[in-house]
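Each of the next two complexes has chain A plus one more chain, namely chain B in the first and chain C in the second.
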Partner chain A sequence: MLFKKKETVEPVTLSFDDYLTTVINVYESIPSSVSLLKPKMEAIFSDSYDFSERNFSLPSGQKSYLCYLSGLINEELLDDNVIKPLLHREENIEVSDDFENILTLKSFQPVTTWENTVELILAGNVLLIVNGVKPVVLFLAEKNLRNVADPTTEYQVYGSKLGFIEDSRTNVGIVRQFIQDPRLKTKEYQLGKVSKTHASLVYLEQYVDVKTVETIDSYLKGFNQKHMLSLGQLSKYVSRHPNSIFPQASKTERPDHVAYALTQGKVVLFVDNSTFCLLAPITFMDMLETSEDHSFLVSWNLTFIRLVRLISLLFGSSLPALYVALVAFQPELIPTTLTINVAQSRAQIPLPATAEAFLMLFALDVLVEASIRLPSFVGQTIGIVGGLVIGTAAVEAGIVSNVMVIVIALTAVAIFTLPNWEFVSSWRIVRYAFVLSAASFGLYGLVLAIGFLCLHLAKLDSLGRSYLYPLTPFDGKELKNFFKPQR
Partner chain B sequence: MIKHTNFKKISLIILIIMFSLSLFGCADTREIDQRTIVIGMGLDKTEEDEYIVTLQVPILVPNGATESGTNDFETITGKGEFVWEAITNLEASTPTVLFFGHLKAIAIGERLATEGMDHIIDLLDRRAPLANEVFLLIIRKQNDVHDFLNQESPLISLPALYIDRFFGADQKVSRTKSVRLFQFRRDHDMVSHAATIPLAYSNEDSIFIEDLGVFHNFKLVGELKGHEAGVGMLLKDKKVDHMNYSLDIEQPNTNLKASIRVNLVNNISYDKTNPVKMNFNINGKGELVYLYPEGIYSSQETLNKIVRELEKEISQDITDTINKMKRLNVEPWLLGHRIWAMDTEYFSTLNWNETGWRDAEYDVSVNVEIEQTGQRGMLDKKKIGD
Partner chain C sequence: MILEKNENKFGNWELFVFTYSSTIVLGLIFLPYISDAEIRSAWLKVMIGVVPYILFLYLLFKVIKKFNQRDIFKTFDHLSTNWVYYPIMFYLFVSTLYSIFWGIKSLAIVIQTYLLQNTEQWIVMTVFFIVLWVSALYGITAITRVVVLMFICDIVVVITVVILIFSEEFKWINIPPVFTVDIFTFMKSSLSEMTRYGGIIALLSFLPLLKKDTNIFKSTSSALLLVMVMYTLVSLITLGTFGYEQTLTLLSPLTALIQTTYADVALFERLDLFFLTIWIWALYKAAMIYVWFAADLFQRVIPLNEKKEWIPITVIVGIISVITMITPSFVNLKWEPYNINMVIYTLALPIVLFVYMLLRKKQDFSEN
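Presenting the complex of A and B:
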């Protein structure tokens, strides 16, 4: 048989509640006896080497049992504030309220349901049971957090040197340092039935559009996926056009950018375990902005920089396509001396201009992709080798023309002037589409492709806000403000 | 319902794409290196009455292959009973397809121009790949058109590019005037059926483009030489810049020599008489660029003498030029068209092409003011207010 017959696999139910029912009877109350509770806990956390237990007897003779996930709790606090006081207690412990007088701990609570108890243990807390007394959960969770550090992906010259970390609550705190106003509102969510990831929605009341908050709130409340492990997943979930190649939310790890976005009426989404947060709604023009732009002392610098980015975007997306269209279809539109130069540079090239363009674009993207995740010292080597191979060697070997190398080099440099990497990636795809269109139908094809792209952009929206605002709907004041902000 | 809406949407998208693509009209997907780029074209007739077409094409060698790094070129020649036949004959001797998209100039032999070139213009005008912005030139009899196109100027290697740069630089010397194919056609289609084309020739060292050939009914019938070309511009475009005059003024003791560069503006009007009387009211501003003998500073009296002489000279040039064209009964400056456009009825009474232009009367008044005397070295000149 040439192809293996596809086997039908029954979907595995991964619901947390369902899993518990297969291990224990969740409808039973949690027992107050160590001998009954211990085997159940061991069953729930079977095959987990980090599940730790401690059995000991109190001076009064009562048996005690503690269980937790090591690595998530502060064991020093557990020894000093829980175990030592218990071992010094000589009287019998009758009810859970007696713990108030024994433990030198900030907070604990008696257990309620099995689900809640297991969730709290997973969150890094400790379950304590003394024979004959209702078990309690001791809040000793200590998250593994790193210190606040420099943002590593959004380098800026003049901007602040502060970046977010992997804890959404800490990140909200950082934002509060930037905007000390009671109108800064925060909402929290638990996303994913399995991952139970904590997410925070932050916005500035009276600045934000109420409808935007309502929309995103309803999206997050209705989140019914099992996992929420990355910000990209959340971004696709809150996008109304998930199949578009343009991002409808932007990512940042810079608190100053978030603070600026909040004052622009955007909402911010933080998710645990990600150093980035999501900003929405965003527009095409937002993708050309950085928070650093406002650090310029002279406003004309900002005008210049934004114009440079806009022109670079045009160059970076359409230059290879323009080259293909002009060389293969409409050479009469190139100035005569340049035509002669181009024709001379292509005299011994075996590939047609279209293949040449695709080859070079692909080589460029391979180079970018190869060097992006490498350590900086290897990345530099890749850059040099790639530059030599793509540049000099390819020309000398007669595989590509030197004009093509100039076109690709300019394209590569131009597109990276855009501050948003996600946006850059989108335009890289557009670039291929443009070249394909130009290779098929010449300049007419390129114009047609640009026309379709404009249509798509005009149709796109981010949480109800037009993507091309302030161009459509036209807002001259806002447009002027983009290039030359008011005082 | 949803499926129906989706179907409609998809059908609409497919329709839009189909219609958009059906508008695509360029099936010519030839790469730049698969085309023989024609930069210049020469047209002439042999003594056997055969058309001879010369094409100037750059030789495409990879960059760095030539020692000098300059663009080398080649001229290829073909003959035929018709111009088109000669061109198609040429296609047989070139490796790739002839591409006229970069044609800069068409050089036409004087012999062909004298015999009449209506069918040439028709062919050039009719062929779509040939831009109607190409410059036209008449090559004087002393040169073969092929030799002219083969002439390498030390300044710019490709002769056709030399012509393009020459006219593109808007030459400040008013000796000639660029004429593009559409301009020639346009002027020729006006009431006088006359137009001009610059004349050119080359010697071993360089290329010369000066004077204008006058065409009537697509035949070369005369020439406008030197100042006459500048006067032609003044009469047609109503202005001319940088006309140069050198005057020799007789004085009791010593003759005065002066060179003046002058910009002139012409105000044309006419009296509705029969024959028509045209009034050329010319005002100009001049610059004294040379005065001899040394030491004679341009006093007001000297300046007045120079201005009077200059005005007389300009007036004489205009009179001579108009009379020359009247003798040929050719009016290449759209003067008749001006009258036709303003008053067609009156124009029809003039019998312009037969006797109207020849009998036309005219009055020329010239008024020149010297704006700059250029006496930077005059140390004892008085300060203003002294």
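Presenting the complex of A and C:
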């Protein structure tokens, strides 16, 4: 049939439990015999070159088997604290409790289920079985962690020079150094059916809204996706408006920022394998502040810097659109001498103001994107070459006017005064929308676009908190506190 | 910042700004002298015109207090029969559409006069209707928040208008009241100024969304008085600057007034267009409020579940857009029928209903 609905076949993906029962066929409980257990483990970890096994017999004649994933465990500890003591044991081992008198390990535990056993091996532990004795898991995991170091992306002049690392448990410990209070509460979760990523929720009791903790707790407990590999994924998951271009949670790699956020009543989410953490709920005004702002010795500096950021945001997002509206539609609005100057600078330009604006904005974003991921020395070169291209060369070639270059340069510099990169990216998109509105309907289009944007921001909330708080719902005290904090 | 609680219910400030924003729309740009029966002392008329609306608010407050119920329509539905309730709701709905159309038609004329002279009406209006439709779908919480956020623009207008008193063109000799007409003509003339406060009707749907401890009468009456002060200032300044005869010929006296100012040191030389952008925001806010109000009236007659709330909004915006498109671009707006309907719809009818409800309560009390 012509209009027959195409049938879509959902890809069959097994959960971890399903995989064990259907593919490996592990219905029964874990056997206490090496000859039964070993083939199962080999089947589970088939085609994994890092899966290591050792077979040996004890002096008493009992067959033993241990397996693990090399690279995740401390093999030296395994030799010294497990294998050597076992090889020196002459009596028979009857029950798993006997291991307490043999092994010189901090901890181990008898296995319970197949799922749990495999999970523990994947976490970097060792499975040990001695014939006739219930298998045990030996906790010998050694994660590949780097030392705590400087934050690499969030630079600041004042404040501590300490950044988070890829381990969420270590990061929670770092936060505890900043807030030594028993009210600092932590909860842990395992996210992703396949990735099994460890996540930690941290909050400061009595500061945080209980509802916020309950909401995010229920979100995390209900996480049923297969993978949890990035903070962005988690951010979208906990956001009520994931299709909005504005972030409803913020990222930071600075413990001092986290400590400050906790005292503001926010919750913090750490995820393994990420050096950043997620802060929520956040507001528009939060995106204009950094923890470093409070390092100023003179409070007026804070007021000034935050006003500068707010004004820069307005300039950075609307200046190109305003230029297009004024030049293409309402030149009578600007002073006559300026109009003449603009007209003179545009006299030899073949492109209309709108195309000129789009071209320059695109060139700017290409430059920014190109220089971000390059090594610093190449990045600098790109910056200089790009600056020359979109600056002097483009003007001299008569492609763009020098007024346009000034507008774009001011726009670029202004928007980067915002401390949050994610937020900056959002406003970059807004900038294009504004230019498009101004190019279509002049000042009228720009005004409608700004009005609609305000409405969109007013609609947003982060974990139930209005995005525009304290502007709306209006809270004068908080607003004053934002620009001039109390002593 | 410590987390704020109960954000979804509105308080005194939101009520104040909502009342102000829903009321001060057309009056700001078209006052004074927009009806057919004009007299010299327009500023006196706008001061007198607010009095019946203060009475409206007082009676509304009394009804709420007596019935301990902020949903006036619910109370009215409870006290009246279907054949009274539904026709009245239908009349309110149609009148709301009429006033939205009137506001948007005014916008089209102003835009085509000052901003987009060479663009056709359907293009100018299509973009506005699309934005309005999507905006109305955002719901009353977002609308109220954005109204509060944009109140800063209204403050800018207030300051600008106050500054204009000190301009060189302003002549006090034009200001003193001149009574060259009889009281009947004066009252008839005041009728048109009175309707400039008609936007207050949208409060009837907004009140049920307020926090319990909100001081309704204080917030609404102070907002209305601020509107009155604004209208009086605008009327005084235009009269003082242009005089009676010249003001009568102006499409938008305040815009013309701002055109007289010249900011030779600022980025914007002509402040009138800058001021117009603020007025577009004012009309955009009011249009959102009215579409939401009309949708609320629609749902009181035809209840819909939450997922179908887009239907009344689409119907309302659709009807108004069709009517706007089929009327000519530059039409000489006949204000009289509009003004008469506004007085009935926003003042006479609600006051009659309030009095009826109060009498019913009194009757029930004496029967019990």
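Quick note on the criterion: the second predicted complex is superposed on the first by the 475 of 487 C-alpha atoms of A that agree within 3 Å, B and C clash if a C-alpha of one lies under 4 Å from a C-alpha of the other, contacts with A are read in each partner's own complex, and residues count from 1 in each chain.
Operating definition for what follows: contacts are C-beta pairs under 8 Å (C-beta built on N, C-alpha and C of every residue); 3 or more make two chains touch, one makes a residue touch a chain.
Small disclaimer: the values here were computed from a predicted structure and weren't measured.
Colleague: With the two structures overlaid on chain A, would chain B and chain C clash, or do they fit side by side?
Modeller: clash
Colleague: Between chain B (first) and chain C (second), which does A:A353 come into contact with in this model arrangement: first, second, both, or neither?
Modeller: first
Colleague: In this superposition, which partner touches a larger number of chain A residues, chain B or chain C?
Modeller: C
Colleague: In the superposed arrangement, which partner chain does A:P320 touch: chain B (first), chain C (second), both, or neither?
Modeller: It touches nothing on chain B or chain C.
Colleague: Using the touch definition from the top, say if A:P255 reaches chain B (first), chain C (second), both or neither.
Modeller: neither
Colleague: Quick one: classify A:E478 as touching chain B (first), chain C (second), both or neither.
Modeller: Only chain C; A:E478 stays clear of chain B.
Colleague: Taking the superposition as given, does A:V342 touch the first partner, chain B, the second, chain C, both, or neither?
Modeller: Only chain B; A:V342 stays clear of chain C.
Colleague: Once the structures are superposed on A, label A:Y444 by its partner contacts, choosing first (chain B), second (chain C), both or neither.
Modeller: both
Colleague: Identify the partner contact of A:Q330: answer first if only chain B is touched, second if only chain C is, both if each is, neither if none is.
Modeller: In the superposed model, A:Q330 contacts both chain B and chain C.
Colleague: Does chain B (first) or chain C (second) touch A:T283, or do both, or does neither?
Modeller: In the superposition, A:T283 touches chain C alone.
Colleague: May I ask you to decide whether A:G163 touches chain B, chain C, both, or neither, giving the answer as first, second, both or neither?
Modeller: Once the two structures are laid over each other on A, A:G163 reaches no partner at all.
Colleague: Chain B has the stretches 20-28, 182-190, 290-298 or 362-370; which one runs into chain C?
Modeller: 20-28
Colleague: Would you tell me the residues on chain A in contact with chain B in one complex that are also in contact with chain C in the other?
Modeller: 329-330, 332, 336, 441-442, 444-445, 448
Colleague: Write out the stretch or stretches of chain B touching chain A in their complex.
Modeller: Going through chain B, the ones touching chain A are 20-21, 23-26, 28-33, 35, 37, 39, 58, 60-63, 71, 99, 101-102, 104, 131, 161, 164.
Colleague: Can you list the residues on chain C that touch chain A in the complex?
Modeller: 1-5, 7, 10-11, 13-14, 111, 115-116, 119, 124, 127-128, 131, 134-135, 138-139, 141-143, 145-146, 148-150, 264, 266-270, 273-274, 277, 280-281, 284-285, 288
Colleague: Which residues of chain A touch chain B in the complex?
Modeller: That would be residues 327-332, 336-337, 339-349, 352-353, 398, 402, 441-442, 444-445, 448 of chain A.
Colleague: For the complex, give me every residue of chain A touching chain C.
Modeller: For this pair, the touching residues of chain A are 207-209, 212, 264-265, 281, 283, 285-286, 329-330, 332-336, 440-448, 451-452, 454-456, 458-459, 461, 464-466, 468-475, 478, 481-482.
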